[in-house]
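Take a look at the structures below.
Below are two complexes that have chain A in common, paired first with chain B and then with chain C.
Then we have the complex of A and B:
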């Protein structure tokens, strides 16, 4: 009989304890929520200390970026790429002159006079293996991993996700679409080293 | 209310020539349509509230969105609308080996069992479809029709999980009907009437000068009866601490495993209608129905609706609170709770209320 009533007492008190916990969580709903509404909200990027200056080392190899105003179309990065995810097409133009309708700047920030107009500079990031090998040969330091030595030029996009797979192909060439045909050479004189296609 | 409408119809010239049977059907439809709308809207609101409350209790956000057209609207307000559209356009599957006729009929019987109860529920002083002199008895009897629908669904699905769920549900509903009815009888003994409005009017005034004269505060026995009634009611509608008939972790989805689309939605609609009925019955019988907590204060017909819905809404919230706090009972625990704890206590209650009424009044 004592057990019978102690059972009742125990069940009532323990149930009330449980109900108090859920009610407290409901009342504090504004403060304690752990859900992050991902595309709209993001966790802050943690500061990382690797023991030496970030300027000389790629802290994060988050994504490749090309500064097209500095690109001279030398194809060194395309040749360095072990998975062939960089595709470049170039056209010979007058040395060191600006072509405003193709958004072409004649002289790079290092002072080099450009001989080639880059009509296509595609990087398929779904194939990229983040080896960073394309970064070292670049004579103008215009291709880099965001988060690396040139991170001040491009904001770090660490989530690096797209809704569509075709959006993973990043097209860096600045020549407008309607101008591309004008600069496309006839098939015979195809520029050497164009392995794209 | 049907009689009132028929009287109104006889005054309209172009309706007076029609046969009386047709006029009766017209009047009944005119009353049933708003009630059906109410049941559907109740389910829409309750589903949204349940998702949000459960989310907040678990430190989540629940359905969220950044505006119309994006995800589910501001604060996920369109979530249940999206759910309803999804259910409407889903494929309606009837298993090849199912008992076709019973399978099709089952969700409607369950829903009708829930819907027909609304005839007897007084929303305020005037809004009441029919004030039977056996109102409480009618509601208890009609709400038991639902179990037939559940057994039909379980049997006709030709699926062991469905049958297990249906059998559990039958055992559970029949068991919990007894403490439920016995707790009701305590109140009926004090009122001396089965009429819903009489029960509410009997709760007018104050008790000990401070508390409203609701039956929950009337005497210690009705206080216990309130809890037995409410918990048995939660068990009757198969809500979570007692959701053995649809226990996801054991029986897939219980008696509605084989249902999809709109037929499944009817089970869902019936569940939320039943939830509202239990909350409404508890608030009418123990919490004064449409009576204001302070007698004579804000007690008009409009405020009557407000008080009724706030009491019922609070009890629905408590049911959701139960659901997201308590783990499911085992079958033997469920039966033990009913037969070893609720039944003796409701019998003692019955005796106690009788003696209290005899000696103190």
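Then we have the complex of A and C:
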């Protein structure tokens, strides 16, 4: 009998102890601890330009962006990608010369003379796993996630939903469509190689 | 009419056993898990877990990517505690390759791993309360877990799947001011543990619901290979951080909380739950010591290999994640891709003993038992 009533007593007291915490929380309620009305207001992103002496550390995960004027077509990012969402095609061109009709700049901002013309640089952001592994090996720092330490180069973009899945493929190559065929290597060579082999 | 006809024939009155299907789409199965529960009335007579709804061919997939590229996939196994998974893989790979990482890397790894342990236990505590019908503690736990995720976002840009701990180092150093922010968080967090205790742990209704329920005896736990807080809840003092110290865990002073049966039998749901609460305090203690001792100078990339190409051989290495012993068995044939990679999942062994401990309890208790085991289906199916 005593046990029965002590159980009831304990239930009530321990419940009240818990209720006290929620009441204190309610009394302290202020703006910022309630649900954020998302599209109207956004949670502030952590400030990352806090005296980091190394610029090459790309500590943000958002949409990938490629600065094609600096890309030398070395395929390092394509090889680093664990989910194979980067597709690059390159064509050999004369070293270090501009090709205005293909929007090709011969020399990168780091002073490297380009040997290759990138005719295709597609990133399928619907497949991307945001691991950042493609960013680190880039010798020209031309592939990066938008925003954060790179916000001077490209504004942050992490809301890029699309109605169509094919719209999630971002095509960065600057070569105009009518020019692509001109730079595609003729298939004749392939046949020759097969015969010789 | 003799007296014989009046004796109770149990087989005559016993009804048919009913098969109840819990899941795969059920909020209290903590993922995509199907439990086939055979019940006699409301008493459970047999539970068969059906897994594989989240199978992603993790182990086979690892054989087709290079060693660096495995890390994002390891992240996605135990997605609640990615840092600890990264840590386990990095420790295994460094043992295989014979790399010695710098002191600073060790400290950074311990700090982020313990922070992630706190975040993972907060989720376990919150959802366990949710399973037994207490909604409020869940919100309080998530409020504090959010702060840890914010810290990680500041650290590496990602909130859940970090890819931060690499083989031979970490992807980059702590940002300036990060150590102070972690101190700030610990000062904020320590009094909050008392809040969870007041809200949930010592609530009489919660105790009645969980203490003595689903008792996992120590011998059964060991024979099933259960590890982590579930094993310690049964009163076995086993923690890899203490028993087989890896990294620099032997430098820190901390206790291993075990289930004492303060509210009932040792090994009940409440004991497993309370071990997690006490581990929060221990993790805070370790993090504080690591923050005090971390060397300010030092390169985090010193031991980072240009191309990971381990020598021929094999290694089995295990580390303590919030769920238990996470083991990696890696066979290398000298190529840049692993020949075989086996992951020993702690959540898998925890789930495997559910038939043993949930038999004889009511259906509602099965939910409590499942919640107290703190399984992550991403790791079980992998």
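For this structure, a couple of remarks:
Note that the second predicted complex is superposed on the first by the 125 of 197 C-alpha atoms of A that agree within 3 Å, B and C clash if a C-alpha of one lies under 4 Å from a C-alpha of the other, contacts with A are read in each partner's own complex, and residues count from 1 in each chain.
Basically, a contact is a pair of C-beta atoms (placed from the backbone, for glycine too) under 8 Å apart; a residue touches a chain by one contact, two chains touch by 3 or more.
Given the structure is predicted, the values throughout are model-derived calculations rather than measurements.
Within the superposed three-chain model, A:35 lies in touch with chain B and out of touch with chain C [touch as defined at top]. In the superposition on chain A, A:82 contacts chain C only, with no contact to chain B. When both complexes are overlaid on chain A, the residue A:145 reaches chain C alone and has no touch with chain B. Looking at the shared chain after the overlay, A:16 reaches neither chain B nor chain C.
With both complexes superposed, C is the one of chain B and chain C in contact with more chain A residues.
In the superposition on chain A, contact of A:129 is made with chain C only, not with chain B. Shared-chain residue A:26: touches chain B; no touch with chain C. On chain A, the surface touched by chain B in one complex and the surface touched by chain C in the other have residues 15, 18, 21-22, 33 in common.
Against chain A, the residues of chain C that register as touching in their complex are 65, 68-73, 75, 136, 140, 143, 150, 153-158, 161, 163, 171-173, 175-177, 195, 198-200, 202-205, 208.
Every residue of chain A that touches chain C in the complex is listed here, in rising order: 7, 10-11, 13-15, 17-18, 20-22, 33, 45-46, 48, 50-52, 54, 57-61, 80-83, 129-133, 136, 145, 148. Interface residues of chain B facing chain A in the complex, by the touch rule stated above, are 53, 56-61, 64, 66, 321-322, 324-326, 340-341. Those residues of chain A that touch chain B in the shared complex are 4, 8, 15, 18-19, 21-23, 25-26, 29, 32-35, 37, 40.
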